[in-house]
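Below you'll find the structures, each written out as structure tokens.
Heads up, the next two complexes both have subunit A, just with different partners, subunit B and then subunit C.
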Partner chain A sequence: MIKLFSLKNQKKDGEQGSIRAGNPKRASAAQLRITKDINELTLPKTCNIDFADPDDLLNFKLIISPDEGFYKGGKFVFSFKVSSNYPHEPPKVKCETMVYHPNIDLEGNVCLNILREDWKPVLTINSIVYGLQYLFLEPNPEDPLNKEAAEVLQNNRRLFEQNVRKAMLGGVVGNTYFERCLK
Partner chain B sequence: MSIETNISFNNLRKILERNGPFCHSDFECGEAAFATLSQCKVLIVGSGGLGCELVKDLALMGFTNLHLIDMDVIELSNLNRQFLFRQKDIGKSKAEVAAKFINERIPGVKVTPYFNKIQDFGEDFYRSFHVIVCGLDSIVARRWMNGMVISLLEYEDSILDQSSIKPLIDGGTEGFKGSARVILPGITPCIECTLDLFPPQVNFPLCTIANTPRLPEHCIEYVRILQWPKEKPFGDIPLDGDEHTHVQWVYEKALERAQQYGIEGVTYRLTQGVIKHIIPAVASTNAVIAAACATEVFKLATSCCAPMNNSMMFNDVDGIYSHTYEAERNENCPACSNTPQDLFCSIDDKLETIINYLKESPKYQMHSPGITTAVDGKNKTLYIQSVASIEEKTRPNLKKTLRELGLENGQMLFVADVTSPNSFIFVLKIGNNLG
Partner chain C sequence: MKVKIKSWRGVAVWKWIANDDNCGICRNGFDGCCPDCKMPGDECPLVWGQCSHCFHIHCIMKWLNSQNVHQLCPMCRQEWKFKE
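On to the complex of A and B.
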């Protein structure tokens, strides 16, 4: 057991308790953890990650360029914002490219379970990268965020495929204009 | 009137003036034990539900040198349980009002308030206390305090200097449930060791919120997450749960949506509760947990008894259930598992030389170390090889010397590598041959 006072008497230097703003000289646990995540990223060849400022590991962009499936040839940018409460809280991820996709709405919100209800602190940035990549390989009409796209996918896969193409080439699908996002 | 002569402290005397079979072997009964109560400088973090209880408990236990920090002001909804506050105090600093109340009520006690955020103070401030006890409602704040007490640890030749340990007692409550734990940083599990034990925030699947709402909460979350950023009713500003007009707007929109789906139960109160993640607080739970925490402070300060080892949970939803258990340290804890290691080097060594040393030294044999450091509390990335965009931007650092990189003696380097589940922490010892 530690004994507070016998030890304390030897150490008086801290007693002034100077009021000085300051951060611990150590990095925060969130910072250490994200550094670890970043250092150990093993990106699939369809993914690229971009840091505008190498000192800011909490904000970055992920670029996915699927090489198979409906979205082959497209290029989709996601922004990641990691909070100081990482990994207790998941990063905030938004899709910056407008995409015709059942699980991504037109504002860029992404419906991926590990980004919200199924996030666990053992998951990493890599898990999210793979999760997002999977969304492009297997769009899931069961959990729609873009209901119209989901209905088309469920009822007419060919039409869905055509719509995706049209949107990626830059064109109107439904009532929405999509900007060209081919690689 | 001193503690020794004040009859209010008769019960305390029974504990502190006698030795007993369960006393800690270091315990010296009598005057010395009493003296520790007035010498012990205790910091209470948070002056809310738990904080009011804690400062009252500690003051009535004989502690006379108390310090209380809280960044919040008093709100009407606090008054049912934060008993040091009155209606006239609404809008004033919690720490200041609580300190004034105790100082006037309990003779001989001096509570020093700080109307501040915990982040306003640095290592010198926190080092000046003997014990820190937390009554916080946020995990971010707990993690910050935890990081602070860990960064106060000092090592000599990788052996922990026990006098640098600041015990952290952490209390927490959620409705009828509560927990208390004793953290001896560097010895017993810290907050980060057991981070995954904190209940995750309730998050509904986005698609449920968007398409198949069933609960009033789904409707409120729909407005908060999807409608607010889209419609920007008050311009491009974040939603503020303390701003009546914001909450009112969310409430009205959520009510509209609820009616579309035939969902009942959307109220203004629920709306505010969902936006601010309000968890109902129960006064008696706070009392139980604060008492447990105060007892631990007392045990640590006087050594009259071994401290709890090391966690306790309490639940009186259905009868009373309580359980004390020994949480275990996480050997890969990012905060407390790695003892800083000395890295001897010269100010004219290049970063590249250091990286090669970490790769080639038989002790480390790293594969592709990523190196960061902290300058003024902010991250500075020195080199990370595995991410192309960072590698490009930090490559010029490889050819720079430590001097050119602005690194100083005692600076900490954080090194992540695939060969270890954890980051290494190195302390630069400049003026030596690399090793």
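On to the complex of A and C.
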């Protein structure tokens, strides 16, 4: 079992390496467009954006710290990967903070319509920021990625609220341990 | 007084007449061109949909060609039909 795990990890590392190697820097259409998006960004006061490499606008992190709702006081980090086909393809967005949320699974996949089927190239990074912020204000129990959380939200809002608190404080909800993510 | 014109030089400017300044897809000005072209003008024209929204032809074609089921205007999500 242990051997299998380490093999899997090695494979993952190898894949990441090759992606990096095959990504030379060029002023592409995607870069021109993302530059405009970033220049015109108007972030709500609950959001921050962080560029690990200021010369690389195609990869960055968004930090959302909701100031109301179920997730008030929490701090959630999302990674954005903008492909060279942007804006004809949406950015790939993942939640790096483990969160108890009906529309975000435990691997960080996010269920937001404009990140998938409803994406259109006139949308911007700002549209996604507001979409993600909305997910924390109004988690949507229909069409869930985390079915257990969705069921609790639908049947017992009080318990859902308690579970969210417990997870954000750092604790076990269901069979899952959540790391503390309060500010 | 009589004026005799010995020579003259014509100067003209051109401009697209669109209901917006920028292409919603690439965000470049309509007076400029799409990111794949070098010169604005006839080589990178604008097109209008029947919904009245307007884009660089290269931008909207790239989008429409990537849609295999419905071809919708990226602005208003109505079915995209070229305005004659």
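Here is the rule we use: the second predicted complex is superposed on the first by the 157 of 183 C-alpha atoms of A that agree within 3 Å, B and C clash if a C-alpha of one lies under 4 Å from a C-alpha of the other, contacts with A are read in each partner's own complex, and residues count from 1 in each chain.
By definition in this document, a contact is a pair of C-beta atoms (placed from the backbone, for glycine too) under 8 Å apart; a residue touches a chain by one contact, two chains touch by 3 or more.
No experiment lies behind these values; they were computed from the predicted model shown.
> Counting only touches as set out at the top, which of subunit B and subunit C does A:L41 meet: first, second, both, neither?
Only subunit B is touched by A:L41; subunit C is not.
> Which partner, subunit B or subunit C, touches the larger number of subunit A residues?
Between subunit B and subunit C, B touches the greater number of residues in subunit A.
> When the two structures are overlaid on chain A, which partner does A:E179 contact: first (subunit B), second (subunit C), both, or neither?
Neither partner.
> Would you check which partner chain A:A29 touches, where first means subunit B only, second means subunit C only, and both and neither mean what they say?
Both: A:A29 reaches subunit B and subunit C.
> Please work out whether A:E68 is in contact with subunit B alone, subunit C alone, both, or neither, and reply first, second, both or neither.
neither
> Return first, second, both or neither, reflecting whether A:H88 touches subunit B, subunit C, both chains, or no partner chain.
both
> Following superposition on chain A, which residues of subunit A contact subunit B and also contact subunit C?
28-29, 32-33, 36, 87-88, 120-122
> Along subunit A, where are the residues that touch subunit C in the complex?
28-29, 32-33, 36-37, 87-88, 120-122
> So in the complex, which bits of subunit A are touching subunit B?
For subunit A paired with subunit B, touching residues are 1-8, 10-11, 14-33, 35-36, 38-41, 48-51, 54-57, 84-85, 87-89, 103, 105, 107, 109-111, 113, 115-117, 119-122, 143-145, 147.
> Within their complex, state which residues of subunit C touch subunit A.
24-28, 34-36, 59, 62-63, 66, 72, 74-75, 77
> Under the stated contact criterion, what part of subunit B meets subunit A in this complex?
Spelled out, the residues of subunit B in touch with subunit A are 24, 26, 36, 39-40, 119-125, 127-128, 130-131, 139-140, 143-144, 146-148, 150-151, 162-163, 165, 167, 184, 187, 192, 195-196, 198, 200-201, 203-207, 210-211, 225-226, 229-230, 300-301, 303, 306-307, 334-335, 368-370, 372, 374, 376-381, 384, 386-390, 393-394, 412, 414, 416-418, 422-423, 425.
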